[in-house]
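Two complexes come next, and they have one chain in common, subunit A, joined by subunit B in the first and subunit C in the second.
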Partner chain A sequence: MTRAAATGVAGTATPVGTLAVGAIGVAGTRPRWRVRLRRDRALLVMCVPALVLLGVFGYAPMLGLVMAFQDYDLYDGILHSPWVGLANFQQLFTDPGFLHAFWNTLMLFSVQLVLFFPVPIALAILLDSLMSRRIRTFVQAVVTLPHFFSFVLVVTIFNQVFGGAGALDTFLRSHGVTSPFDFMTDPGTFKFLVTSQLIWKEAGWSMIVYLAALAAISSELHEAAAVDGAGYWRRLVHITLPGLKGITVLLLILNLGYALTFGFEQMLIQLTAVGPGAAQVITTFSFENGIVAGNYSYGAAAGLFLGATSVILILGANKVAHLFGEDGLYRK
Partner chain B sequence: MHRAASHDSPLDSRISRRGFLTATAGAAGAVAAAPLLAACGSGGAPAKTGAASTGLLQRILPQYKSSSLFKPDYPSVDGSTPAYLSYPSNLVRTVSEIPGAGGSYSAITPLWGTIPSANNPFDQAVNKALGASVSVNPANGNNYSTILPPLFSGNKIPDWIQVPTFWAPPLNFGQAAADRLADLTPYLAGSKINKYPNLAAIFSDGWQAGIWDDKLYGFPSYTAGFNVGYQLYYRADILQQLGIGTPAIKSINDLMDLAKQVNDPKAKRWAMGDIFGYLFQPYNYATWMLDDKGNLITQWESEAIIEAMNWMAKAIKAGYVHPDQVAGNYGNGITEFYSGQMVIVSDGMGAWNAADAQKGQAANKNYTRASFDFFSASGSGAPKVPLEAATAWTSYLNKRLTPSQIEEVLRIANYLAAPFGSYEYNLLNYGVEGVDYTMSGTGPQLNASGTKYAGSSVSTYNFLVSPNNTMFNAGYPQVTKAAASWAQRNAKYGYQPLFYELNVTVPNSLSSANAMTPFSQTSNILYEVARGRATIADYQSTLATWKRNGGDKLKAFYEGVLTQQKKLGSA
Partner chain C sequence: MTTTMHRLLATAERPAWAERPRASTQGAKSGGIAVILALILLPLYMIVLTSLSTQAAINAAGGMVIWPHGLSLGAYRDVVSGGVVSRALLISLGVTAVGTAFSMFVTILAAYGMSRAGSFGHRTILWIMMTTMFFNGGIIPLFLVVSALGGYDQYWALIAPSAVSVFNIIVMRAFFANTAKDLIESARIDGASDWRILWRIVLPTSKAVTAVIALFYAVGYWNSWFNIMLFMPSDSAKWPLQMVLYDYLTQNSEMVNSAASGFQSAAPTLALQMAVVTITIIPVLLVYPLVQKHFTKGVLLGAIKG
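For the complex of A and B:
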């Protein structure tokens, strides 16, 4: 039992070990590699559950992606369905619905990135400057709580307040406004609506990482600067923000990785409210064509395109980070 | 042309449709096509269809043998559901022996509502009566369509499963049936069904829904002689209160005028919900139809659907539609109807019952649901309303069951199909006396435990197989009176649209066109036009794209099916 387990561990862990050696840049000889393996055994064992999870739920299902190159039939399965080459992709890139969904994805993501990204940073700095520990904890609890709500709940709450029959419009109607603006069904302002939902739900949660980074900045730096006559803004620009730079870049890159898959639930729930013109993104497109309509190959093709583009985005952003001398996803 | 006339006339096939095999087979013959004959259309593929030629259909379909234990207060008129005002006090046993032989079977059916705990007292009582262990696993009805494909593709279907007709197309069901499901033809065809009298009492039209490629696979549930997709309901108490009384809606313009009169957003009262789904009735369009020249078209190509979209867009623009419905948040629709925020809504025929009256009166003690009679959009001529199939609910058995297991299941099915007024029906719908319900003057009254288990599990067993629909509302005879007389008055306007009750299996290459995604997806083009976010021109271009990407070929395929039908019909 023990030996079998150990072999399994070694087998799985090999790539990790090699990577570590390579990363540190030591020309590892065979005996040293073994020594390291023995030394890190406990850590490697701890990696196993995560790797198994990744293998079973992350990599194994990827085999199903071959259906993007097939005319997938529910009963023939991926083993017997006929191959069609790139036909699904050809159809995809000439489908105005898909191109529009792609454009929506990029546009909605960009708006969210620009408007959402600074909010947790500002919130963290603001909270960090509060003196009273009690108020700090209270505010932190309040702004973090919505993270645990599902988007169904978030959208419902927004609808209760801003919807056509919601609190705001009911109030306006009772005060003589005959046709008040319906924030929930206007395709034009939809990008701001989803961004505000995201800020309300996630800003507090995202803030936690920045709070930790702020705590890591030595207070001696602030004290020394203050003694030298630096005011609050000067310290913010020269000490606080540079201290947050590393983590900001890392989160930015990780966010780009999600760029094309973000907000599936949020969009699906509101698709009927504003229409596909404003809310159809690639993930919802893939869902509607693949799962709902039963055109699995087409849905898978859209999904594969999305995955490949995400990888390119994340690697590209990482490269840029390295060019600017940042760590990015890993230290070069 | 001759055929077209017969389809457009609501009366000829309808009157004779109830009852006897000959009548039903005759009606079905009009919509039957021989399998494996090459279709004439440019689709090219052989048209494999649900039912065969008249003669073959006669051999496949179980023989109908009517059974009615008690005389209804409102008998069936033109196929309307018979209704009872009181509950029979002397229940009749229709099954003399315990049907099961101790076998155990797994099943999955959808459930809209709270899912009761497994193997609860009601399940135990039913299983004891069945003499077998039928463990039904109710699955959330709201995402039932998404759990079916993995079950079928992975060959993980249980012994018995409910697959509603409207969710069958994405499963490519003709092939699913052949590959995965048990063929019941050898057990039930023709006079073989006589062994199971309760099953034989289900209308042949119900059984026809379970025929795929010339074989009988399915058990029908909730079979009705008169079945329409939607009714237009309204709050009679609110119209009374507003001094409008009982309005006579004779045309679609009358409806708009009424909406204007009723609408008052300042008082949080909107005239209607999103009733677009209902409009095919006044405007008379059906999935497949013939145009003025007698050519086959889809409803998407009809003039009528454009008029319907424009009408809905006008109502939304005027602010007559509840904002939640405009936003596509239909989840609260029923609550908004109860609270009086919406006065006119479209809903299925099943919405008018005792439970509805009970919930509505809890919100407002004057709550009264009523329904407008059918009308034609223009207001001239008698309304013509395309009928829905006799049932959309069909359950199937797994192919891996052995013949002796299938026979045991058939005996169980015979028990489950026991009619209104029988001891078995009473058990399956109300549970055990003293445990789940108490018998009052108006009928069985569920107690707390009964509501929790029997009440929420009713559809669980009924979705396996159930007798023809009957109407009875314990404690609410006025609901039965209103609903039953509405059905008696309106059933005559129904007609069978093209390909009625025909399970057509389209070739794989046409399946994506057949899904009609641009018109059926969550936020489809019709929905967008009604909301003013897309124009009729956008609609036309979406239609043109769909036709180009397979829609025209699909039409050619259906033309082939139609030609076959005509040949067989006149033969």
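For the complex of A and C:
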């Protein structure tokens, strides 16, 4: 951060141009940075509300993470709670509940990645192949709509279709199936339920990026290939898919950065219906132990482990993205 | 539906070099699209229809209604006549309105405050803000901070902790940095203050991006659920709509059982539940066309990529 600050100050000499230089020429004796501070006072004041909010609700909780090394007590607070070193972490890594949550996180994420990831790409290719603008706009509007629904709403909708008293259940019962399979509460198929909810909610939204990439492929390439006798499928394999490679690799890498924090609300909403055996992930483990059970230090230890590994994953993912020559979450 | 779509697909503007697809390909494509549309629209249709159905219609269907027969507005009359749901609806609208206004106030100021190349310390501030995108204290310390400030069971706890989206600030900042540069420069030379420039020049020229970001904040507040779970899990008199919906969802089996064992309210239980679901969807549907319009306008494309 210090380095960024230094470049920020140094880098300003050129773009400000005549105005600042002129001011300094007149003032002469005063240091440059004080002149600039005076000039930009209003701009700095404007940043204050956001900085205060981020300080209170972003940085203060970060400092509060030291409680992971304490046996935190609500009445003693951070300042007077006893320090316990790494005891919480030792307990964490031998807790079968935590290890199971860790396993669930990785497993749910992998299934989701394999099954969800190709869907938006396929959807974009299908939509892009539609010639009529009107239909394309309409289909796009419909498939992106569920992105704006909350997970509570999405799970409710799934429940009304697949749940114990849902439409599918009713249909099957009225056609002679005595005890239909309950997709909403079965722990064994929970990974597929989670993935289908994600596909229903997010596939259309994720598709937009690929649509933009498809639009960027020059139609001359397609035309030249078609004139040379390449059919639709050949053009798909040799022009369309290579055109999507860059963005696909980028999104794949960025996705990996969020592997451990994946699906918190979605799991928490369905935790009671499906049971912790299938739906407990690290984030919900931290919430259940820390808030619900009131074991603050233990939950915070799980949270700190999660935050630290996530930072490593995200920074690593961006590093890899840069190696591939892409921008990633931030520019190099 | 498939046949109309088939015809429309066939008569569209196809480039001269592209071959006319075979009827089988065309059919498969139309079929695929029809299935995709049905997967999204059919559940929504059933939910709205069931919310409008009489007890007799629900009984005849054995649950969710697919063919309309016996329509009634009873559920909605019940829902808006001053019970849990009408209160939750007002609370949700209030939190969304106040939250969006507050978020926009903070976001616009910060975005403009950091938008000028070479202004004092703007890179440092940007880094301080962006750090929170990569790392945060997690749920438990946040809960303790908000509790220590007296936020437990308070409405402000549903707004303040999530009021600033650094991401939105960055999107807006990028936009402000490129808007009306010459105009701003000459206004500054004429001695206009930055407050005046923001209000008179920057905001009027950035209506689109402002509107889109406001809509995103609004949808976020409307949909937020975990904040309520964290900060007011037990005070059901203060619950916004999403929490009422969650309560219905997790109590679902009980409610269905009590309905089956002869308990009758003025409107059918299932219709009431579906009315709540519908009411949760409606505001999203109302703002959706406005957001949708801007998807393709670059603002959001860059945003999604990041």
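Definition applied: the second predicted complex is superposed on the first by the 252 of 332 C-alpha atoms of A that agree within 3 Å, B and C clash if a C-alpha of one lies under 4 Å from a C-alpha of the other, contacts with A are read in each partner's own complex, and residues count from 1 in each chain.
As a convention for this text, a contact is a pair of C-beta atoms (placed from the backbone, for glycine too) under 8 Å apart; a residue touches a chain by one contact, two chains touch by 3 or more.
Since this is a predicted model, take the numbers as computed values, not measurements.
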State whether A:A167 touches subunit B only (first), subunit C only (second), both chains, or neither. second
Looking at A:N159 after the superposition, I want to know if it touches subunit B, subunit C, both of them or none. Which is it: first, second, both, neither? both
Subunit A residues touched by each partner, larger count belonging to subunit B or subunit C: C
Does subunit B (first) or subunit C (second) touch A:V249, or do both, or does neither? neither
Looking at A:G294 after the superposition, I want to know if it touches subunit B, subunit C, both of them or none. Which is it: first, second, both, neither? first
Taking the superposition on A as described, I'd like to know which of subunit B and subunit C A:L54 touches: first, second, both or neither. second
Determine, under the contact definition given at the top, whether A:L214 touches first (subunit B), second (subunit C), both, or neither. neither
Would you check which partner chain A:L92 touches, where first means subunit B only, second means subunit C only, and both and neither mean what they say? neither
With the two complexes superposed on chain A, say which partner A:P187 touches: subunit B (first), subunit C (second), both, or neither. first
Tell me the contact category for A:S286 with respect to subunit B and subunit C: first, second, both or neither. second
Residues of subunit A at both interfaces, subunit B in one complex, subunit C in the other: 159, 163-165, 169-170, 173-174, 268, 272-273, 291
In the complex, subunit A touches subunit B at residues 71, 73-75, 77, 96, 159, 163-165, 169-170, 173-174, 179, 182, 184-185, 187, 268, 271-277, 279-280, 288-289, 291-295, 298
Touching residues (chain side subunit B, partner subunit A) in the complex: 145-146, 149, 152-153, 169-172, 175-176, 179-180, 265-266, 268, 270, 319, 322-324, 326-329, 341, 508, 511-512, 515, 517, 520-523, 527-528, 531, 533-534, 545
Partner subunit C, residues of subunit A touching it in the complex: 1, 4-5, 7-9, 11-12, 14-16, 19-20, 33, 36-37, 39-40, 42-47, 49-51, 53-54, 56-65, 67, 123, 126, 129-135, 139-146, 148-153, 155-157, 159-161, 163-167, 169-170, 173-174, 200, 205, 208-209, 212, 219, 222-223, 226-227, 231-232, 247, 250, 264-265, 268-269, 272-273, 283, 286-287, 290-291, 296, 299-300, 303-304, 306-307, 310-311, 314-315, 327, 329-330
Subunit A contact footprint on subunit C (complex, rising order): 5, 8-9, 11-15, 17-19, 21, 25, 29, 32-33, 36-37, 39-41, 43-44, 46-47, 50, 61-64, 66, 105-107, 109-110, 112-114, 116-125, 127-132, 134-146, 149, 160-164, 166, 169, 188-189, 193-195, 198, 219, 222-226, 229-230, 242, 245-246, 248-250, 252-253, 256, 270, 274, 277, 280-281, 284-285, 288-289, 291-292, 295, 300-301, 304-306
